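In what follows, structures are represented as structure tokens.
You will see chain A twice below: alongside chain B first, and alongside chain C after that.
Showing the complex of A and B:
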């Protein structure tokens, strides 16, 4: 399997069939005397911005700090991956992960105060 | 082939192709160069047919909308370039379309466009917010048929058809050189608005296209855009007949009403106002949708045209903020026609950002299998890409040196 081609940047689907971001990073576990293996998939938070280079990451990081709870990436343990096709299905509930923190915060503090939301 | 699929094509064709930008650029081209720039409309239409067909095929075969496919193939940093360029362009095109609707309302009411900009933005916003995009989509397709009036008007004016046909062959300008190339580029930018094929590929995903849709996709791409292209040519021909002999340059939307009045009298004025308002409003809502789709798909958020805002907070916020920002330049009094010219040039300049990745995606064996591009579509697309880059490299320095030509 080519991680960069078949896993990175793929759409994540949670166990209720909702879209929960894309694979923004892959955390490998290095093991002495054995090939490295995938420990987590990361999505959201500062994870994707790290790929833009040091300076842009710094700016993105500063912006993220203003948004409550948003600088923590969601970590998806490899065994939680259920299937991989066009999308990657995982056994988590998106609303219980930091991935949805900004969405829920915006819903509560901004969108709900507008008419007909 | 399904009716829904046909309607998607018709929207992309008429409600999408002919909007403020193409009406303005075609009228300007006809006014200064008579029929000489028809080739630019033909070239741009052919380019849009190819891009539409390919993004529909990409969605049907790979089950991915264009933005998602770009992110997966080229990674997050390149996606961010596409997104930033896309959002800036959406802002400019939104300002263009809102400005055109506002100008049409000014023509109808006598009240300045500056007062109309914000109400138009709010009505467009409300339609998406309340999840009624499909209503907008269908009604702008039906009402957009009023733009056929340009074709009727052109026929009624009895142009010399041989002369019109000879405009399809590119020739070098004899006067206003800088303006000639710049107008050609603007026509390309106005016809090939990336939002068209981004929305098209998203619609294909929402309607769950599979490979059985491919022939329908080909037909709608050719038919819808071809119709739009013909209407653009009609505007250009009308401007060539009405303005060029009198040496009138087109610098306001108001002037363009004169393309229909010789053949239709006061009704021509009314039809022009209605056409400008309807097509530009349809485009306004579609650009908002495209920007929100693009952002949501790239980041992997939920997206859907009939989304409830409370369940799609980030997605809804994207088009809300964007449409309000786009009304600002008009409220403070920036001329809608100047916004149009500027936006169309930027639109053309931004084309490589989405066209080049599409070319790579369409040749990806893993993604497209047996439905990847043949050598002919590749050759034509590359030729088109090279031509647009050359046009751009020629036009922009000339425009700067010529100070507006």
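Showing the complex of A and C:
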């Protein structure tokens, strides 16, 4: 398995078949006397901006802090990965992760109050 | 780590799960037994060998499932890191390798235990670059 080509930037699908963002980061755990292992996949939050340089990351950081639940990335433990292919299926419920916090907040505080909603 | 079947409903639901899934946005941190490192920030970092010579940039890592864990086996270091990240350029990279006879496009395969990541900004191989296999020589053997 090639991490850059087959994992990074792949679409994440939760256990209900809903899209929950893309793999923005991979957290390796460095272990003394053993090869590194993939500990988490990260999505959302500030993680995609990290790859674009320090300055852009700083700007994104400031904006993300204003949004509820979007300031830190969602971490998916590797054992939660069910299958890998074109998409990566995970055994989580997207609505119960921080990744969906903004969407749920908007639904509750904005969309619900629209007269035509 | 907990198996996926337990993780679905046992420890990962409710607010507790949300807190568990919130990541530390810092580049590296110490959690659990080992040190954490953001793989995507390693990409395109210049890698030097044990003698200080530049081998290329970190392009890729290959991993495999070992004992239920996804373990990194080796890192690919070469001069065309940007090209490597585009999925559909195998033909182009092979063309460059063929035309250049391996001089322009050499990708070293550095075993995970031979790459010193103690300073993630300056990854360093533990041996001289000539001692590492290249992707080309792997294909030939």
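In this section, the second predicted complex is superposed on the first by the 117 of 117 C-alpha atoms of A that agree within 3 Å, B and C clash if a C-alpha of one lies under 4 Å from a C-alpha of the other, contacts with A are read in each partner's own complex, and residues count from 1 in each chain.
Operating definition for what follows: contacts are C-beta pairs under 8 Å (C-beta built on N, C-alpha and C of every residue); 3 or more make two chains touch, one makes a residue touch a chain.
Computed from a prediction, not measured in an experiment: that's the story for all the values here.
*Asks:* By the touch definition at the top of the document, which applies to A:96: first (chain B), second (chain C), both, or neither?
*Replies:* second
*Asks:* Look at A:51 in the shared chain and tell me whether it touches chain B only, chain C only, both, or neither; answer first, second, both or neither.
*Replies:* Both chain B and chain C are touched by A:51.
*Asks:* Between chain B (first) and chain C (second), which does A:8 come into contact with in this model arrangement: first, second, both, or neither?
*Replies:* Touch partners of A:8: chain B and chain C.
*Asks:* Who contacts more of chain A, chain B or chain C?
*Replies:* Counted on chain A, the partner with more touching residues turns out to be C.
*Asks:* Just chain B (first), just chain C (second), both, or neither: which does A:79 touch?
*Replies:* second
*Asks:* Go through the superposed model and pick first if A:42 touches only chain B, second if only chain C, both, or neither.
*Replies:* In the superposed model, A:42 contacts chain C only, not chain B.
*Asks:* Show which residues of chain A both chain B and chain C reach, each in its own complex.
*Replies:* 8, 24, 51
*Asks:* Sort out for me which residues of chain A touch chain B in the complex.
*Replies:* Touching chain B from chain A are residues 8-12, 18-22, 24, 43, 48, 51-53, 86, 102-104, 106-107, 110-112, 114, 116-117.
*Asks:* Touching residues of chain A toward chain C in the complex: what are they?
*Replies:* Touching chain C from chain A are residues 1-5, 8, 15, 24-32, 35-40, 42, 45-47, 50-51, 61, 71-82, 91-93, 96-98, 101.
*Asks:* Which of the residues in chain C end up touching chain A in this complex?
*Replies:* Going by the criterion above, the answer is residues 1-5, 7-8, 12-14, 17-18, 20-25, 27, 32-41, 43, 59-64, 68-73, 84-85, 87, 112-113, 117.
*Asks:* Under the definition above, what is the set of chain B residues touching chain A in their complex?
*Replies:* Within the complex, chain B contacts chain A at residues 62-64, 68, 71-72, 75-77, 79-80, 126, 129-130, 298-303, 308-311, 313-314, 316-317, 320.
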